[in-house]
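Read from first to last, the chains carry the letters A, B, C, D and E; within each, the first residue is number 1.
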Amino acid sequence: MTAALALLLGAPAASAAILGLVLPVRRSGRKAAWLSIAAVSSSFVAALWLLRQFIASPEPRSWEFVWAPFGDGAAIRFGVLLDGLSVPMLVLVSGVALAVQIYSVSYMAAERPTALGRYYAYHGLFTAAMLGLVAAHNTLQSYFFWELVGLGSYLLIGFWHQKPEAVRAATKAFWTTRLGDVGFAFGLIFLWSGSGTFVFEELFDSANAGRLSGSMLSLGVAGLFLGAMGKSAQFPLHVWLPDAMEGPTPVSALIHAATMVAAGVYLMARITPLLTLVPAVAGIVLSLGVLTALLAATLALVARDVKRILAYSTVSQLGYMMAAVGASATAAGFFHLTTHAFFKALLFLAAGSLIHAVHTNDIFEMGGLWKRMPLTGACFLVGSLALAGVPPLSGFWSKDEILISLWEGGHRFAFAALVLAAGLTAFYVFRAFFVIFFGGNAGSMKAHEAPSTMTLPMAALSLAAIGGGALGEPIHAWIGASISGPRSGAVEHGADWVPVLATSVGLLGIAVAWLGYSRRAYRPEVWRARLAPVVRLLERGYYVDDAFLAGYRVLYLDLGRMVGWFDRYVIDGCVNLATWVTWQSAGRLRAIQTGRPQDALYAIAVGFLLLICLAWWG
Amino acid sequence: MIIPWLSIALLSPFVGGGLLLLVPARARGALRAVALGSAIPPLVVSLVLLARYDTVAGGFQFVESFSVVPSLGIAYRLAVDGLSLSLVLLTAVIYLTAITTTWYLAEREKEFFLFLALLVTGVLGVFVSLDLFLFFLFYELAVLPMYVLIVVWGSSMEVPARGPFGWTYRALRVGGKEYGAMKLTLYLLAGSAFILVGLFLLWVEGGRTLGQPTFDLVALRDVAFPHEIARPAFLLFYVGFGILAGIWPFHTWSPDGHASAPAAGSMVHAGVLMKLGAYGVLRLGFELLPAAAAEFAWIVGTVAVINIVYGAVAAGWQSDIKYLIAYSSVSHMGLVMLGMATLTAPGLSGSVFQMVAHGIMTGLFFTLVNLVYHKARVRDMKEMGGFAQRQPGMGTFFVVAGLSSLGLPGLAGFVAEFLVFLGAWSSAHPWWLFPAVFGALVTAIYVMRAVRRIYFGPAIQRFGEIKDLHGMEWVTPIVLGGLLLLLGVYPRLLLDSIQGGVAELLARYGG
Amino acid sequence: MTLERILILSIVLFAIGLFGVLARRHLIAILLSLELMFNAANLAILGIAWHRGCLAGALIVLFGIAITVAEVAIGLSLFLLAERVRGVVHADELSDLRG
Amino acid sequence: MDWRAAALEIGVLALAIIVLSYDLVVGEARRSARRHAWWIASAGLVGLLAASFSLPVGITFTEAFVQDAFSLFVKQALLVAALLSVLAAGPWAEQRGWSQRSGDYLVLLLFATIGGMALVSARELLTLFVAFELLSLPLYVLTAIEKDRREASEGAIKVYLFGSVSSAAMLLGIGLVYSAIGSTFWLEARDLSPPTLASGVVLLLVGFGFKVAMFPFYIWVPDTYEAAPTPFVAFLSVAPKTAGIAALFRLHFELLDGRLPAVAVWIAVLAAATMVVGNLLALHQSNLKRLLAYSGVAQIGYVLLAVAAGSRLGAGMALFFLVGYLFSNTGAFLCVAALEAAGEEPTATGAANLIRRAPGLAAMFVVFLLSLGGIPFVLGFWGKMYVLLAAGAAGMWGLVFLAAALAVVALFYYLNVVRSIIAVPNEGGKLVVPRAILFAAAFCAAIVLAGGLMPNWFVEPAMRAVAGF
Amino acid sequence: MIVADLLFFILAAVMIAGALGVVLSRSLYRAAFCLAATLVASAVVYLALTAPLIAAVQILLYTGGLLTLVVFALVVSGSTDNPQPWRRPVPALVVAVLVGVALMPIAWQVGGTGAGRGGLDDGVELGVLLFTRYLVPFELLSVLLLAAIFGALTVARRERQA
């Protein structure tokens, strides 16, 4: 078991290290890619094996060691926790990573060998970090890998570092997630100060025992949630995700659709036992999740860039998951996480295939590709249907569960909002679908189908996206076995009308899109013009970006300018002033050395008088 | 047989300096070989000591002692404990890499290596001294060679004369290397004036209590200094050593000095010498005067968080890359000081660990920055861009250093920073945590901004074919970057011995 | 004739001598004023010796006179040197070196 | 009555007479013989120095003249100072064209040395005064020994006038002290009159102020140093100060003996002012001789702290400091002398790039400057530390701090010279330096470095020397 | 007693007048003779203070020797014309007065309103003292005088050019 674990966690790390440090390997390009793929494959196999083991005996297992002692026996311990939450996630992560890496071989074929090697080194680093994050048995270790995941994301978004936009997006992503991570750091410190431990199990124990409670618990959980907001792109920290699409598309599929962005949800799922103890925080989680789901869906309505549409969609779907976790429907949220990973990765890979073929991201510059790229089109369709929640595809089951849980949990308002968002989702994704594949623009006539290294992963993910719904039951079972929460078990299907409603809303959205963009039954441009102020608001992303920019300018640039100036010209000015005064007064003092012999004799008299005065009064 | 490990380590650079005098200035290969040779023993010794240090027994080990001025209680007493051991290792590493980073220096190498060796002797001496007078002596020795290093091998820049005291700037030629060198030296020696007075206070009072005057640290530890001695002494040590550690508002020597200094000078100075200030506060202030330290910890900590935030924010304004690094040092030294002010086990461990981490990190930074300057003749970030395309190696290491400085896990900076955070929150003044974390956030902003401005984006034609690292230039970044990684992944390498020292120190505060 | 009066007289002479030393320009005039000061000191000391009836004081005066003469000899030679080499007889003209 | 108590004085006197006779008899006949006078004097001084270590201590010649460990220690220092000056002045005289006055130089220098030695042995006011004058008069003349230079008479007249007026004051002071304690032998002090004593001591301090160049009686110092031949300045800047400070300590312990505690305050005030003014005035100097002159004033400020401390520790530390000062300051002036002898101006510009033009000289000069600046591993560091330690032990923390802070200002000008030597370019070629001067400087450098490593070689004797007080 | 007092006042007046003459007269010769007057008057006071030996020395050595030297120097230099004999007399006066005032308390501190004990006229005793207790200063004085003569010669003599 430990061997499998070591293989699982170590293989990507080792491949990253080899690719990173051994220059000849890195420069070998394609060979490096296959080395990395081999490593991830072994990881994936190990993960599957672990899953089998877990299914055989479903109880949590953990290993740990002292990582950083700090006096008097206190220490930071690192370890691995394998339970119903982490094991499936490990499989998911390694699986998607594998698919994406294979896909990238062709997608990135045009890169120089060195760059390709670097690309795979980053991938290995990311995968290793993500696996470490998932397997972590304590908050600090989570944070440790959490940040490394962020680094991987930064590096991969900025992979084309000569492109200023890519670098800008990478930096923005890093800063924004870092902002959330500050919350994470606070949160785990608060929890630590309340309980004296970082380990999840021990935190739960002390929380249940009442040792960890009150403000420390609330603040701690809230802090962790802040971290989750950053990574999982929850409003208003979602701003980095659409920009992150500047990176290579497989990266978007892996990191910004399937794995890293899900880390926040995963973390919140992980601390469900704590979350349930602080309903206020849970409420915030729920509300922000719903808000995110709705707002992001509206933003996706007006985007033209296919990847941005998918990115907003991701944000929106993450909102669903977060809402589920906030409503204590951990299993539902996790289920949606899984299915979303499949279909969103699929969508991204399909989009990548499109971009690879037509060299543009703008959906309105594409068109009529259904004929030229049938396989890609089919995959995109599968993904879209799953996203829109059309039964029996995976998205339907998981979204359904979330909606049901919300209804059951009495969150009527949230429920309504998410149903609305489901409709919008169906609309925007099919808007893209129809424009790309059946749109009138025929400018991309030279496009043709992608090679098999790209289509095969897409095909595999399509199968997962179609059949992923079957995972619902086992996921409930696993999570039920691992996480004790009031409502983490299987959902009682008391509200049978919910799926019907959701499906109809989804179909309605598809229909509207079909009417507008395929049948031209109405002219979307007209509506766009008519709703110009709203569109503008949406195009500017509710001005959240501008707010951040303003904050950056004032709080960082202006403050920095002020402080820097103050330091150089006031504080240092005082130092220079003192120096100058000494220097000048020393210069003035020279005047007493007139060089005339009798002036010197005055000194005797003055010295005598001074001493006499001292003698009288001293 | 007892091997005088510490003397070997201490005298090696000194003897190396002496040997350098014998080598003719034209034999450049031999000069470098001698310099490098003098850097090997300290490194070997520190590794040996790290391996042989008995973490269970703790305390001062490898003691060497003989009397120098018995009537005044001055002796040549050397020893290391868990706290100083790491710093000795740091010094050895930085010395070695400072030499390799200057490998291709083509201007008066002989003198350069000589002064560098003197500087390192001073630094090592402080870390291994068990006698306070010896401590002070080495401290003063460590301050001075930097002056020569800067005025001969440094570089100047323009600082526009502005502000309320702008008229003084032109008169003092602010920005010139002479200015930077003099400011650094005098500022630090002014600090030593404070230290001196504090030291003598302890000597006088200790002599009164013990019956005979002594500068022995161990003996003085047993003296319960009365408040009217301990309070001023602590403050004197704090300000005196603090100047070297860059405490606000006495930090302004650091940007000017480090910006003017040559690579190896900045490496040793920012990398090790500033630690020496912090170490002084820790040893003389916190260890010898626990009561006063506990009383004034709030000042130390509050100033430290000012340092953290102020340094980080001020760094944001700098466009000169050396100033940027210097301000980041000011900010990071704040973490060191904050860690000790917390008076908690994690805080103190983090403080010492941060000394090492920051030493390595800033050494790496200064190496790279100076190499950039050396290769492209530019220091202003506004004029840079796209260097990563021509210098992927340097870019990589710069990013590594930057990530360590912003506290990315997996690199040494994280361990230190996090331990300090834990300490801050569990200290008597938990609010320190918030500005400290804010500082870390701002660090992320300016570091990533610098990375972006220097290395990323389209290549600028003006710089043509600037070269990446080559030959010996690789050694420094690889060693330092590797250490950052190693310590970040396996912090126990040092923490095992540090925690023993910390525990002993805390025992003086009543557990 | 009391010691007090002698001392007052001596102090007055001392002060006059000091004035001369400070105010006269010619080097020889300064030397003469200097002699006034020495003489004043001698007078005071002898007064004290007389008051106490102690020969040691007289010895001091004796020595003082001798030393004064020696000083004047040196001073005059230096004056002559200055006069010869620089053609300067006034003290305040000897101010090349300053600062 | 043990003549050995005055053996050194007698020896130096004999040496002076030998040199004088040699110069008169042989020197007039053969010019080359003049050079031998220097060697005779040097050898004689070395011999006396060597002999001094076998002299007994704790003996008196008359009750006016004592030879204790304290005075012997200082006398040895004075002999060394004289020796160094003699060694360096020979080639200098040759070069400056006054070798015909070699005999005069040597005799006068030896007379001054006798004065200095007698000053520290004196236990009687009259002896003190005569010795004091003996340490003054030859110096006036020696300042003008390069008679033909314009500055010679100026410098000499300045120091002469200053010295004479202050000795007039001192004469009055002697009388007043005599009146206050009822005897010229201060160990026999009786029927004490504190107010008179105070006035007398004030006037005595005026005289000593001139001698040791304390504020405000230092004004003559820079001009005279600049005017005088540099090898002589090496003596002038050291010997009177050493003897004066030592005599002050003797007065403090034997004459005052706690009778006038306020003196400590006066001296402390003067010490502070001396440090401040000396250091500030040195800041702007470009002429090395003036710079060293002012820095010497500042150094006296430090040592006055030890005087103000008034403790036995202070006395020992002051002696130790003076030894450090002796070698560092003499060495520095010798380096300047070497620079001048090689044809350069005695300025920072003249010293530029010295490290290339005369590496050995440059290295020594830097060592001396650092020693004066109080940098570790050279003698000066320990001296300054110890003086401050003594002051601290006496509770004068404010002054300790002031001194330490001013030492930083001092480093500014020392470092500027160092920078000039090391980092400022200069077109000139290699410098040719007379070997005797280099040798003397090297001797100083060796002591400064050795003492820096093993300060105890000097601290212990200094502490033994003051054990009698 | 009154006679003695009267004598003293007359002498004092002479001395002060002489002193003022030294510092005020334009002619250096006059100044020199004013100084001589003061010194001689002092010698008379010394006589009154029962110290005839000192008085003799004062007149012979001091007044005579000194005056000779000074006049000699004046003659040699030949520079007696003195268009501006004083420099900045006002600050000098202020300082001199201040110093005088500062010294004045000594007169009362040392005290002594009564007649002195005198007895300074024992020449033999003086000689004995010189060769016993005061041997050291006496010997030193001889060295000092030697040094002074030697020094004065060194400075003053003209050499053959080397």
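As a working rule, contacts are C-beta pairs under 8 Å (C-beta built on N, C-alpha and C of every residue); 3 or more make two chains touch, one makes a residue touch a chain.
Fair warning: this is a prediction, and the values are worked out from it, not measured in the lab.
Engineer: With a step meaning a move to a chain it touches, how many steps does the shortest path from chain C to chain D take?
Structural biologist: When the steps are counted carefully, the minimum from chain C to chain D is 1.
Engineer: Going by the stated contact rule, which chains contact chain A and chain B alike?
Structural biologist: D
Engineer: From the centre of chain C, which chain's CA centre is farthest?
Structural biologist: Ranked by distance of C-alpha centres from chain C, the top chain is A.
Engineer: With chain centres defined as mean CA positions, report which chain is farthest from chain D.
Structural biologist: A
Engineer: How big is the gap, in whole Å, between where the Cα atoms of chain A centre and where those of chain D centre?
Structural biologist: One centre to the other, that is 77 Å.
Engineer: If you average the CA atoms of chain B and of chain C, how far apart do the two points sit, in angstrom?
Structural biologist: Measuring from centre to centre gives 63 Å for this pair.
Engineer: In angstrom, rounded to a whole number, how far apart do the mean CA points of chain C and chain E lie?
Structural biologist: From the centre of chain C to the centre of chain E is 7 Å.
Engineer: Approximately how many whole Å separate the CA-defined centres of chain A and chain E?
Structural biologist: 102
Engineer: Please set out, as single numbers or ranges, the residues of chain D touching at least two other chains.
Structural biologist: 126, 129-130, 133, 137, 140-141, 144, 147, 156-158, 161, 165, 169, 176, 179, 199, 222-223, 284, 409
Engineer: Where in chain C do residues touch two or more other chains at once?
Structural biologist: Within chain C, residues 14, 17-18, 21-23, 30, 42, 48, 52, 56-57, 59, 63, 67, 70-71, 74, 77-79, 81, 91-92, 94-99 contact more than one other chain.
Engineer: Report the complete set of touching chain pairs.
Structural biologist: All chain pairs meeting the touch criterion are A-B, A-C, A-D, A-E, B-D, C-D, C-E, D-E.
Engineer: Mind pulling up the chain E residues that touch chain C in the complex?
Structural biologist: For this pair, the touching residues of chain E are 4-5, 7-8, 12, 15-16, 19-20, 22-23, 28, 31-32, 35, 38-39, 42, 45-46, 48-51, 53-54, 57-58, 61-62, 65-66, 69-70, 72-74, 76-77, 79, 82, 84-89, 91-93, 95-97, 99-100, 103-104, 106-108, 110-120, 122, 125-126, 129-130, 134, 137, 141, 144-145, 147-149, 151-153, 155-156.
Engineer: Taking the touch rule as given, give the residues of chain E at its contact with chain D in the complex, in rising order.
Structural biologist: Within the complex, chain E touches chain D at residues 103, 105-106, 109-110, 132-137, 140-141, 143-144, 146-148, 150-152, 154-155, 159-160, 162.
Engineer: Could you list, by residue number, the parts of chain D that touch chain E in their complex?
Structural biologist: 6, 13, 31, 61-65, 97-101, 104, 107-108, 111-112, 114-115, 118, 122, 124, 126-127, 129-131, 133-134, 137-138, 140-141, 144-145, 147, 156, 176, 179, 185, 193, 195-196, 199
Engineer: Could you list, by residue number, the parts of chain B that touch chain A in their complex?
Structural biologist: Its residues touching chain A are 159, 162-166, 168-169, 171-172, 174, 183, 187, 249, 252, 256, 310, 313-318, 345-346, 348-350, 386, 388-389, 403, 406, 408-410, 414-415, 418-419, 421-422, 425-426, 430, 433, 437-438, 440-442, 444-446, 448-449, 451-452, 455-459, 491-492, 495-496, 499, 502-503, 506.
Engineer: Considering the complex alone, what residue numbers of chain A touch chain B?
Structural biologist: Contact set of chain A toward chain B: 66-72, 74, 140, 143-148, 151, 158, 161-162, 164, 167-168, 171, 174-175, 178-179, 182, 185-186, 189-190, 192-193, 552, 556-557, 559-561, 563-565, 567-577, 579-580, 583.
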